[in-house]
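Naming follows writing order (A, B, C and D), and every chain is counted from residue 1.
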Amino acid sequence: MKKFTRKLAGSCLFAGALVLAAGSMAPAHAASELLLGYLSASTGPFVSLSRSNSIAVDMAVEEINAKGGINGKKLRVIRFDTSGKPAQAVLGLRKLANDDKVLAIIGPFSSGEAGQVFPAAERLGVVTMPMASSAPKLAAPFAYAFRNTMNEGILFSSLLKTIKQKGLAAKTGTVAYATDDRISKIMGTRVLPGLMKKFGIDVTGEVTFKLRAFDFSAQVSKMNQNPSDLVAVGAPPEAAINLVKEMRRQGHKGRIIAGSTINDPDLPEKMGAAGNGTMIPSAYYAGLDERTKAFDRNFRARAKKAGLERIRSSQFDAQSYSIVLFFANALKTANISGDPARLAEERTAIRDALKAMKDYPALEGAITFNAEGDALKPVYILEMKDGGWTLIDTHQPPKS
Amino acid sequence: MSAVPALKIDNIGKHFGGVKVIDQLSFSVPLGARTALIGPNGAGKTTVFNLVSGVYPLDYGSIALNGADVTHVSQGERIKFGLARSFQNIRLIAHLTALENILLGQQIRAGGLRGLLYPLNVFRRNKWRDEARAALCDVGLEAYGDDMVGDLPYGVQKRIDLVRAELARPKLLLLDEPAAGLNPTETEELQAHLEGLTERGITLVVVEHDMQFINVLCEHVVVLNFGSKIAEGTPEEVRNHGAVREAYLGREEDEEAFSHAS
Amino acid sequence: MKSEPMLLAQQFVNGLMLGSIYALVAVAFTLTIGVLNFLNFSIPGIFMLGGMFTWIFLKSGLPLGLVVLLALVIGAAASLLVERSSYRQMMGSDHFIPLVSSMGFLILYENLVLIFWGSDIQVVNSPFRDVSVTVFGLIISIPQLAGLALAVTMAYVLTRILYGTSTGRGLRAIAENPDSAIMLGVHVFRIVPVVFLFSGLFTALAGVIFALNYTQVHPFMGEEVALKGISAMVIGGMGSVWGAIVGGLLIGVAEILSISSFGSDFVDIAVYGLLLVILVIRPEGLFGGSALGRERL
Amino acid sequence: MTSYQTGLLVILSINIVIAYGAYLPIAAGQMNLGIAGFMALGAYASAYVANNAGLPPIVTIFIGAGFAGLLALIVAVPILRTRGIYLALATFALGQIVAAAILNVELVGAAEGYSVLDHFGLATIAPITIATIAVVAYLNRTRFGLNLTAISQDELLANLFGVRTRRLQIAAFTLGAFFAGLGGALHAHYYNYIRPQDFNILLSIYIILFVLLGGTRSVLGPIVGAAIFTFLPEIFRDLDKKFSAFFDQVPDWLGQASAWRFAIFAALIIVFMMLRPQGIMTRGATRAAARWVAWCVRRLGFARSSGARP
């Protein structure tokens, strides 16, 4: 017993020493490198999405370094795994910003993490740029917060514009949304019903569910009381899959529309025939041009090699890739040296360079950041047909 | 002997399921005396203790302590009427030290919020701790004060159990088989100790199987069988009582069967 | 458009179907609590394993019967592992200690699945997808109906085992009083694994039915269902097999009706409010009288 | 100290405060599975008062904690009628209801989350944690602590000796909720953004695990438990890089260990509980640890040993 305790205390001590030793290791900061941080969620509930983002980030860094780097220096990314937990994301931010002295930070992944990371990053004066957070106005109060995601309002009104222009059946609409999730609730209570009314669509019903819901029978039975042409979904893709299957089971024929929250390259496969006709606005379309096709090819090869379940490139992958390019561009235009002594001033210079950036030719199209720190970019309207997404319309961003 | 008995049990009854464990039982314990409660296994002796200390509610009847009716007083309040008890299966708090177990006995006197929040173990001197340690010294256990009771030998635990009950400063002390499992020397020490308690004015009620022990210690004996009183008197009187002899000698082989029900 | 009573009837049917999943999980919980007084927190993990392996084996092209069998075997094995390394090691210690390591198993199972198959929601290629019949205007899903029937059948089989076999008598003796059961010669170490075996089978079966019905699985699928299953068990009366079944159906109906009338905001407040009120007012549950064993705490 | 270490210490400090919220009722033999709910109450109350009344956060965190404690006191009377697993489930239901209710309160942002304006760092949080430890350590050395142990072990016996078991259980429950609320308030002011979804049942369970793994019989138990839960997953982070600081050859699989870290962590919890079902810090272990520290002090000399306390 005493022996055990002693051993235990000894191993605790050793373990503690290991943590602290690793924490206090001086970052290998070579003078010939420019450092970026990356808050990834490579364990925990977002692992599949985040792992593929990581591939896109690597691709961007390798391409930049292959062309000789930036300002004569190589770009290097230091990763920190947040497990998708806000507390861990803040810890990682502090480590990357203060200990590793990175110039700017890619990520964190989700809105939940971003909500806590943004205020902390603002205090530290370092730019962070999530690739998947789309909760409206999350970045607006912060000068150092940018997001390579678009306002859902712009996305959804582009979609409705297309529906009207093409003369698709759109007299009545129902809103279906998750109530216990920030982005879903905003979509369901404000964005979707507001814009549908604006476009002359009669909103005849509303059903709600929980984010993790799997049984939609109650909602669909209710919807069937008064079937509508369109069913606007404010939820992540999983809920949309369940909803559409239950709709078809109970014989509801309505077309699913949504913002970018249900955007997923594998969605057509997962919805199957039930999903045909579903329309979404997207910031990225893999089949757009030679450049996106090449990106997608390259991405698939790497994803397969890494043994991922999902190998098609998603909008989050494209957005992660672009974030690295934005940072590289800002590093170049602001002529960043990476000198630790000038860290604070160079971080602010990166922020200003990003703010000044106009129509940067990214994978997704020409990109500019608006006053809220969110990206303005083209909107691609996609329709689900026979197990795949087809591009049916493109809207250029409003000139700011 | 005072006119008011230390404990007056008046026609009480208790059943568990369909079994009448105590049936129309009445007896009194005179103040300042040492009374023994005896009877074959399963006679209901421990149940009487449990009813007196309020662990079970009565089906009918009444119980008075020093003239005060406590029939409807909850188990946690009865100690205020000067009642303390020990247990047949020693009930010490295994995760506390011997000293801390004894401190629990003082609870009723330490009382109030101030007593609750007064530090026991911060200052070098503390009257409660000193008193408990002194009480341990009295029974020769000072060496065990800081040991966890779970690790201590049976005889030591038995004494700690007794000391704890004493520190509640009761007027009436119920002891459930205090001599069980003790060796002859320890039994003699216990007898002397219990006699000392009476000298301090504590009335004792003892459940015990060892007739030798009772003959020496007690002046008053109540005999139970099947939950009813079958005899009462001095040890001498009881020993020669016909019903008692039958209960003990005639039912020897049934003892095993009752042993689990007690 | 259906009339109001028809809609209500449809929602009632929907609720019963949803409730059959909760009922199976509730039976799994009630077994370990009723007999062993052990709140087994690894059950959500075993449920998830049942569902995930249904997807994995179906994807690899095995026939459905074999898939179900393998998923059940894996669920049972996972449950026995919990018995071996958590419950058995800690008999006689503080009653909430085994809970800790059963929770450890939940974290372990979820993370192992995460490592190997990722966090994405996976679509199960279920042969039963979209099979529904319309009876008197009510849409009823065939696989869900089969799930309900299976839940009731399994509960019946279980009660027969409990009241008709020596193993069952041993179980009930342990539930009544473990110490005297040992004295009476019940082989606790032979009986306890049986409890875990049944509990694991029920849970895995619920996972399999879930995967085939809702055609989707993911590593965290067990948590929400298990929480509802616990509520169902309490409402039915801890330790009562039929209580768990009725409790599960009740929770399913309550959930569906509150979604339909008040929206999903209200669901948790309704379900957990009901649970809280029952615990305080009538802790033995609605059917506590017919309990498998008396609650010992 | 690097920011990473400071950040870890903040997480540890908050975890310790919350762990005491679970420890107090457990010490009295009750398991509160609604700890996260009380955390949420403290977090939201403190944030709301700080945002709207203009009080300094050092005051509002105690208002938040008091609010959580007050609510606990009100619900304790009916809820503590239940015991054992029933109590655990009743508190579980309570926690779920609190989170679900906050999801519907638009005043504090409902599902959108709530921004908290005032920020705290380690310099404020650490002293509050130390004060919390001191309060609990003090209580453990009073008759209050003694009585809680007695109640958890043998409620009947304690009651027979005049211990007001019910009042003490209510007190332990309420005080526990107070600390949980305090921890929640610290969380709110450190992260500056709170969501009802963050205070879920899994968090409650983790907090219970802190205490049960650390040990329920010693003030050190929650600290050790919280430390293990905070540091252990960190040890497996970037294991290959840590390894390379000590050795030249780094095996390939170590790079993969990061992905495995929660699985390894879970397996270690199971093994820990097998080896020490009473938790790590039993009273015997606490004494042994004290002796061990003393031994270290003697062996290493005082100056070098100050950092060696486990």
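Rule of thumb we're sticking to: a contact is a pair of C-beta atoms (placed from the backbone, for glycine too) under 8 Å apart; a residue touches a chain by one contact, two chains touch by 3 or more.
As the structure is a prediction and not an experimental result, all values here were calculated from the model.
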Central chain of the complex, centres being mean CA coordinates: D
Length of the line joining the C-alpha centres of subunit C and subunit D, rounded to whole Å: 30
Subunit B and subunit C: spacing of chain centres that average the CA atoms, whole Å: 49
Centroid spacing, where centroids are CA-atom means, of subunit B and subunit D in whole angstrom: 42
Contacts with 2+ other chains: residues of subunit A: 43-44, 179-180
Contacts with 2+ other chains: residues of subunit D: 103, 259, 262, 284
Subunit B, residues touching no fewer than two other chains: none
Complete list of chain pairs which touch one another: A-C, A-D, B-D, C-D
Residue ranges of subunit C touching subunit D (in the complex, touch as defined): 33, 37, 39, 41, 85-86, 89-90, 93-97, 99-101, 103-108, 111-112, 114-115, 223, 227, 230-231, 234, 238, 265, 267-269, 272-273, 275-276, 279-280, 283, 295, 297
Contact set on subunit D toward subunit A in their complex: 1-8, 11, 103, 110-113, 115, 119, 190-193, 195-198, 224, 227, 231-235, 237-238, 241-242, 245, 258-259, 261-262, 275, 280, 284-285, 288-289, 292, 308, 310
Interfacial residue positions of subunit A with respect to subunit D in the complex: 1-2, 4-6, 8-9, 12-13, 15-16, 18-25, 42-44, 81, 83, 86-87, 90-91, 94-95, 97-99, 112, 115-116, 118-120, 123, 135, 141, 179-182, 184-186
Residue ranges of subunit A in contact with subunit C within the complex: 43-49, 51, 178-180, 206-210, 212-215, 217-219, 221-222, 224-226, 237-238, 241-242, 245, 248-251, 266, 269-270, 272, 274, 308-310
Subunit B contact footprint on subunit D (complex, rising order): 138-139, 141-144, 146-147, 149-150, 153-154, 156-165, 217, 283-284
